[in-house]
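In the two complexes below, chain A is the common chain; its partner is chain B in one and chain C in the other.
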Partner chain A sequence: MSNRALINAIFVNSARSATVLCGFVLTFLIGVIIWNGMNAMNIQFLLSASRNFGASGGILYQIIGSLLLVIMASILVLPVAIGTALFKSEYITSPTLFRISNTLIYSLNGIPSVTFGIFGLIFFVNVLGTGISWFVGSIILAIMMLPTIVLTTYQSINSIPSAYREAAYALGLTKWQVIWRVLLPQGIHGAITGLLIALARAIGETAPIMFIATAFSGINLPGALNDPVVTLPTHILALAQQATNPDALQNAWGASLVLLTLVFIFSISALFSRMHLKEISQR
Partner chain B sequence: MTTKPQLKVVDGKATDTPAAIDVSDFNVWCCEAHILNNVSAQFPARGITCIVGPSGSGKSTLIRSINRINDEVPGFIHKGAIRFDGRDIFTDYNDLTTLRTEIGMVFQKPCVFPKSIAENVLFGLRDGRKLSTADRLMIVEENLRAVSLWKEVSKRLDESATSLSGGQQQRLCIARTLAVKPKILLLDEPTASVDPVSGRAIEELLLELKKDYTILLVTHDLAQCRRIADHIVFMCDGEMIEQGSRQIMLEAPAHEKTARYLNDSFCDC
Partner chain C sequence: MNLPRLYIAGSAAFAAVMVVLVFMVLMMSSWGAISSEGLGLFTHKWHPAGGEFGVLPMIFGSAAVTLIALTIATPLGLLAAIFTSELLNPAWRAPVKSALEILAGIPSIIYGLIGVAFFSIWIGNLFDLQSGRTILTAGILLAIMILPTIITLCDDALHNVPQKYRESATGLGLYKYEVVRDVLLPIAKTDITGAILLALGRALGETMAVMLVIGSIDRVPDPFFNVLEAGQSITSKLGREIAESSFGSVHFSALIFMSLILVAITVSLTSFTQYYFRREKRLVE
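After this line comes the complex of A and B, so read on.
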């Protein structure tokens, strides 16, 4: 075998091994969660409230709490993210300002999630005196979701051929009309995809919300914006701390499986919505 | 009070048609490149004026400046005046929407919006959504008939415009521009990216439209220019070399460069 063929074979096999290893780790991780989680899974577990600090009962309010947090976060973040992406794409003309906005967005994406939690604790809970509030948790999650949605929306708007903009301007449309009638209909799939990807990440976050938005047990649904909420990630954390109790551990696996399923649903939805909305926008 | 400019005498041969658009000492820079250099030209009302010249001569830049679509290009700088019906388009039009509805433009590559055929025709109307269904249909029919597309698409107005052929899409783009009732039609090589049959159909259409519209057509196709031009402007290297009626420009141009380009498609400027 010649040197070139040998190097080629080494390269191909290395890439193949890396892919197999990656697939194995992912399959092992998901398999273990499904294997252990299925033992806890039944209708009663999904539809009843937790008791005895989570060691018995179900996770109904944790599921509702997690969804409540991310739905509110989505409502808060979507207009801001789309506005930022549009401003970046259509209004920033200075290359310096463009670079600065890019750096800020990527920096925001790189901030460790616990830092958001500490920021929320200091700014909202201590300085503004909001107390432990699920709404504050949604604000923090919205800030965390912002870069992902801005970047995907910007990319989808920026990939619209400039011929569409010129054709619309040439008909006498104003900038606002071009944005509303040409860019948004064709670029919205990017925002929805980004939102679902960001949701898949946000729903599993523990660190940013555990200081500011959640209680570990003892509550069901929040009655007001400034009430705490119970969520799946913090519930799993609380149960993991009772690892010597087999019932608590089993419920932790069950809650993990539900969380994994929610992440999976958001990720698959992102994939399908991207394909579907892109197809609609190009019809 | 504004005065309507008259077409200047070109090389001693006067044309008596009043100018709809008067370009004087017009310069364009973009990203520090000097693209148009002291261009002065007069485009007569009604009829087809073909702007010809080699690639990079500034033809497209000139017509893109006339409805100020170049304003959207970062780094676009201009000096000089373009007057439309006696009004300077850069100083007398605060509202670009009005200018662009009066001076419509069709681009080289057909660009239909991913909407239905009918919605594409109505796309540029300011109050299109407030119109009754009957009025909308009337506007759609009128403009599709004007571009000889009605028979081909009348039974599928709700179908996506992207399903049309390239030539049909280009005619739809012209219909969409006509729907906003412009006075001037700017066309930047409208037949360059369609098949020869569709190209001929568009030429026929322009010959019909010239009765009602002032048409400025950028083209590289000198045969097309000979077939449909009433007036020819020859540009080279960012300068307007010569302009005049088709007969004068083809048979007795004043400049050697013009004669060489129009007869041999060659230019060494």
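After this line comes the complex of A and C, so read on.
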């Protein structure tokens, strides 16, 4: 075998083994979560409240709490995100303003999640005096979700050929009618795709909500806007810190599997929604 | 001004105000520590009760953990990306990419749990340590966390090189290795750099997984390259201590100062990356 062929063979095989190694590690991760999670899983676990600081009992209120946080965050973020995307694609004419808006969105995307928690702690909990509140947690998650949704919505609106806009204006439609009848029906799919991607990320976030929105135990459902809530990620955190207790660890795996299932539901829906989006834009 | 227009301009203004507000609040809250401690912030000793707020151990921890993660994940991820983009049967590429995207979405707290339950114990046994919660453990865990991102972005970078380059290079009689080394990698270089910088930003800002396995001791290991000792990163420090420090104290303010350093680095990395490397059509990923 010539020298070149030998190097090529080494290269191809090392690329193959790197892939096998990555595949092995990633399969191990998923496998461990599913295997250990299934051991903790039963109807009782899903449908009862946690007891004994989470070491026994179930995770019903953690599931409800997590969903409550992200659903409220979605309600808060969607109108603002769609408005911002419309502003970016239909109203901005100056390139400078466009650059500024991009910089702001990318900066927001680059801020580490723990920093959002700190911002919430200073601004809402201390300066505005809200105390530990699930609603503040939703606001912070909404801010974190904003850039993703703005960018996907903007892309899908911006990719509508200008012939559509021109045809609509030629029919005598006002700007708002063009937006409402022509641009939004397409843009809404982009917004939903972005929302699903953002939801998959937001529901697993721990750092932004652990100082400002959650309590580890002792509560079930928040009664008012400024009550704390229990969530899956912070529950897993609390249990992971008492990992020497096998019962706590067992429940942590169960909670992880449930959390992962929720994340997968959102991200798989996002994949489908994106495929649908592609089909529309190819029409 | 009519109502729809007010709504659209209003929401854009609201979004912009939010971003600016985050930065303003961080800067104002860290001012207390900057004005009272000054250069004393850049020393080796963190001892709030004694009024010492040296942030160097945390900066070192963040840098060390990120460096370890990138050293492991970059070569492995790039090789795997070359495989999925150039060697794998194209029919398999779509499912592999979807699987990777989904894996990239595993919440970091679950990585933390796996780190606590497996990796820290393995590292402890392997090197015969009292506790397996070390800088190395955190680095390895982070490497695994950023691996899917690196693979999928590098794969995109390679795959976006037009087919004709491969065909001409193969037509000249080059082996696969030579096609990749001499043709594809030079073309895709900018995008690959972008992918690695983006992963770097993610690794620096990662909190939960690092916090659970790094050991949380505020010192630079002795000697400094001994990564088998417990350490502390900026994010793990924030996660552990922010709730214990009282609002308005120098202690709190010094913690916010660290967070400000972190934000300055990650924000400049992310905006630099997304601005200069990634084209409009792929911004969403």
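The rule is short, and it goes like this: the second predicted complex is superposed on the first by the 248 of 283 C-alpha atoms of A that agree within 3 Å, B and C clash if a C-alpha of one lies under 4 Å from a C-alpha of the other, contacts with A are read in each partner's own complex, and residues count from 1 in each chain.
Note that in this section contacts are C-beta pairs under 8 Å (C-beta built on N, C-alpha and C of every residue); 3 or more make two chains touch, one makes a residue touch a chain.
Being a predicted model, the structure only gives us computed values, none of them experimental.
If you put the two complexes together on chain A, you find that chain B and chain C both fit without a clash. In the superposition on chain A, A:I236 makes contact with chain C only, while chain B stays out of contact range.
Taking the C-alpha centre of chain A as the vertex, the lines to the centres of chain B and chain C open to an angle of 110 degrees, rounded to the nearest 10.
When both complexes are overlaid on chain A, the residue A:Y91 reaches chain C alone and has no touch with chain B.
In the superposition on chain A, contact of A:L47 is made with neither chain B nor chain C. By the touch criterion defined above, A:M38 lies against neither chain B nor chain C after alignment on the C-alpha atoms of chain A. By the touch criterion defined above, A:G172 reaches chain B but does not reach chain C. In the superposition on chain A, A:V182 makes contact with chain B only, while chain C stays out of contact range. In the superposed pair of complexes, A:L128 makes contact with neither chain B nor chain C.
Looking at the shared chain after the overlay, A:Y164 reaches chain B, while chain C stays out of its contact range.
Ranking chain B and chain C by residues of chain A touched puts C first.
Aligning both complexes on chain A leaves chain B and chain C separated at their closest CA atoms by 14 Å. The interface of chain A with chain B does not overlap its interface with chain C at any residue.
By the touch criterion given at the top, residues 93, 161, 163-174, 181-182, 185-186, 281-283 of chain A touch chain B in their complex. Put simply, chain A touches chain C in their complex at residues 4-5, 7-8, 11-12, 14-16, 18-19, 21-22, 25-26, 29-30, 32-33, 36, 79-84, 86-88, 90-91, 101-119, 121-123, 126, 143, 146, 148, 150-152, 155, 175-176, 179, 194, 197, 200-201, 203-207, 210-211, 233, 236-237, 240-241, 243, 249, 252-253, 256, 259-260, 263-264, 267-268, 271. Listed in rising order, the residues of chain C touching chain A in the complex are 2, 4-5, 7-12, 14-16, 18-23, 25-26, 29, 75-77, 79-80, 82-84, 87-88, 98-103, 105-114, 116-118, 144, 147-148, 151, 175-178, 180, 201, 204-208, 212, 235, 238-239, 242-243, 247-248, 255-256, 259, 262-263, 266-271, 274-275, 281, 283-284. Per the touch definition, chain B reaches chain A in the complex via residues 67, 69, 72, 74, 96-101, 104-107, 109, 111, 113-114, 123-124, 126, 160, 162, 173, 176-177, 180.
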